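In what follows, chain A forms one complex with chain B and a second complex with chain C.
Let's turn to the complex of A and B:
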């Protein structure tokens, strides 16, 4: 794991002639996709509505990892920890106090952020492989922590999430739209961040820490801020995962969960747009569902799909410039 | 106000790395209202002195004061908060940000809207960004870079990137401006424009220090010049005095017949 140099606006390797135009195009695709997603439950079956709800939650988790790469230049293989914090916040408030997602989602966000900051402080001097491995410690600890606190978490059996957000509305629609709205809100917040004072300084701190320091942005502040944001989004991922899946258990937050969130982030090329996040989320949720009839071939086909996505992403700018050059020459 | 009253001073600054003395007990005084040049061969210690003044390096001996207050122990970010800013020998712009956004960072320390304003469309956050944008556009315009606001650094030649760095340094109306080789990579016309701009910036309350190898620029715009060699001050004085100094001529200007 090494520091990422991926551009914040463009695909890897893109020539990026006019990044403002690229941003507008990305926004247009996002708006179109959002419109389609809002109408989708009325066009597809219940199992797909459920799967898409989970997909939205995973897309938020992918964004949590991608924001760390984009703004901190670091990778994490421990984000299942933050997701677990958010998920259990929702499940515990639901089962013990009868509170719905409306009350528990903000708590999940706050707890995820606090955990991110709490992790960032002692690891503030770590980077690259050392930070990545230290995040792994979080992921490895999660299932055991949950199992050992069974008086609170329900242990191995987990907890059910049953409170409605809007009583009277069909549960499957609630799960779908809660996930979609949360995903859009996270994408919107990140888009705002990109154009905020804090976002600009974090991006300079990632690339040139000394220069950022010379203009008033301390490296420690930058690291803690990015980890806090990433942890907070991870908490929201967990909250939506709990609500959309209606159950939480330790098996949902293993080391492999963290690895797959990183895989989702990589196949989305660390994108922070709705479209890119959904590419990552779909890779975690929908691709395994498509391959579910393939039996023993599932890992092989999943690996091929992963390789294919990465190669397509890598060569897409060249293919695009080749096509445009051909058009220009014709 | 007398320039010496709000000067940036270093007394007995000594810095060494692994036994190699980079700065050997330097005494320097950079006065407000003046442009001070810092010249010397490569490895003389010019950038190391800059790094000590901005807090990137901690000198093992000596003290740095500004407006009579000790800066020792303050981080670079804290010194930036006091208006001490710099440009870098190697351009340090974010490739992810447009030219305008890179320059906006130079004024960011003057604004304090919290995180809520970063994520939500609040009036305060919007006003803050508009003010930063206007200041950055003004700085770019002052350096003749209007029209390049939305370019990425990767789309500009090295000379222009240097000017963008200077725009970032001046946009926050610094109290102390430290420019490390500002003319490197500029053509003659751009260097002349830069000289005019720097002279215009040299107001009575600004401490400006320029490290530069372009002798025409240094001799034209500087009021005082320190000449460094092997971490020690060889000469200090007006451009005329420095030019007439035989030691300086021998070590640095020896092959300049002009």
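Let's turn to the complex of A and C:
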């Protein structure tokens, strides 16, 4: 399994040799993009503002999957579970107690993290495809659990999210900016993690398990920590999804949701920057919008995109080295 | 007291029988997954969707939606189509297989999505009926109600699985397959062509998937998700068998069939996926190498 996790890391982007400069350029693009996004609602129509709000939520979900790949070397097709936990935390606090996102977002984060840890514990010794299959089983159980807890979750019909964060401000703007701020916060947190002691420890535990062992990092701890972080981000994704979409229902958290999040993560080349996350999120949000007339094309297109990106990731280094080799020869 | 016990036994027996019948079908699906995993270390997430597409093709070829052929010819055509699809999938992912199994596994999800989309595009989201041309027949035996369908499933499963095990155990191809799953490097050094053996397992798996899909559909109906949902039980069966053992997946399939039946009847019909999740997690932790794996420790 170590072989497979190592080669995921050799996707373009992470393989760039000039790391420091690449990072600065990436963060520059991020700042620019963030500035544009802050101004955007004043330039575009309401339906686009709404779609972008959902897009931010999906971007956060894509980040949750990418974190697991980057820091744990594992692939999850069960992140709809964590998103569902976050979304229902928001919706239930909203409808039952009249609490807004200010109170429920932290709860979603905590619950997502707890669920991540709770799932990581029984699966702590699994890796690679075994973990993937158990996350698949997790995703499959979600709609059923939601539907059967209808006294809490509203069953098939779902729940509405209506409390506003700042009373008086237009709802569409609130939905947009809540998503944007949460996305930026997650990206910022992940950037800090990359340079923190804990983040480096996790990377070490992934890349060189034996070395990490020697430094006193237990594999089980690393796995549980990564799943906790990933689950927490998944919870935030769900919370924003619920708030931006103003409704939650079991049909938004099926096995396919999980697969789509993975598709988004692959499409963004498992990137953790704002730009990459938005590429993944936009792919998940905007493609269905453009194809709303012919829904059956969506899975085909997603499948092709998934394959295309994987094959590009596979062949690009080869093509690049071939080009450079021929240039050097001439 | 004894009356209650008798009633339980009276329920238990038919439940286990019908569980075993569906379990044979789960085993057919699981065997395909395990064949592919054993040879190429890839989990084929497109298995259910491709098999479902094939079931729709059979429906399309025999009902007049696409063509108006007899059932047998339709099955044959669908088999050919499925072998072609398996060939295509393997051709695309084979460069990935040798680099990273996990990446190849993710790319099979892509093929699953495409197969599902293709089914939707060609046949729509409607529910259709696809029956087997089997004689209507039923009999009672020791309190069991046995139908022609049960016997057909049993016969087909025994013949298919028997043939598979014979091929794997006694033919040259089977020996090559086992050699590659034991040690791909050594097998390649000995002159075996890894790709052709991989392809063999992909094609066999696709055919097993179609057989399983054909036999499971009469119990429900055919929709875009039926066969994919059925394959999830096959996944659980493969996991319980350890994902790398053909006999293990057979036992796992039958076990899943019986356990699911008992769970649905005695506990709840609404939490079956949750039950599967618990089963999978339990199996992976208690029997990480499958239920048929020998106890650890080395012989001196």
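Observations
By definition in this document, the second predicted complex is superposed on the first by the 277 of 330 C-alpha atoms of A that agree within 3 Å, B and C clash if a C-alpha of one lies under 4 Å from a C-alpha of the other, contacts with A are read in each partner's own complex, and residues count from 1 in each chain.
Keep this in mind: a residue touches a chain if its C-beta (ideal position, glycine included) is under 8 Å from a C-beta of that chain, and two chains touch if they have at least 3 such contacts.
Predicted model only: the values in this text are computed from it and were never measured.
Number of chain A residues touched is higher for C, counting chain B against chain C. In the superposition on chain A, A:148 contacts chain C only, with no contact to chain B.
In the superposition on chain A, A:126 makes contact with chain C only, not with chain B. In the superposition on chain A, contact is made by A:213 with chain B only, not with chain C. When the shared chain is aligned, no partner comes close enough to touch A:292: not chain B, not chain C.
Using the contact criterion defined above for the overlaid structures, shared-chain residue A:303 touches chain C, although it does not reach chain B.
The intersection of chain A residues touching chain B with those touching chain C, taken from the two complexes, comprises 7-8.
Across the complex, chain C meets chain A through its residues 37, 41-43, 45, 92, 95-96, 99-103, 105-107, 109-118, 120-121, 232, 235-236, 239, 243, 270-274, 276-277, 280-281, 284-285, 288. Contact residues on chain B toward chain A in their complex (touch as defined above): 54, 56, 75-77, 80-81, 85-86, 88, 92-98, 101-102, 104-106, 108-109, 111, 113, 115, 117-121, 125, 128-129, 132, 150, 152, 154-155, 168, 172.
Listed in rising order, the residues of chain A touching chain C in the complex are 1, 3-5, 7-8, 75, 77, 122-123, 125-126, 128-130, 132-134, 136-138, 140-141, 144-145, 147-148, 259, 262-263, 266, 295-307, 310-311, 313-314.
Interface residues of chain A facing chain B in the complex, by the touch rule stated above, are 7-9, 16-20, 189, 192-193, 195-201, 203-204, 206-208, 210-218.
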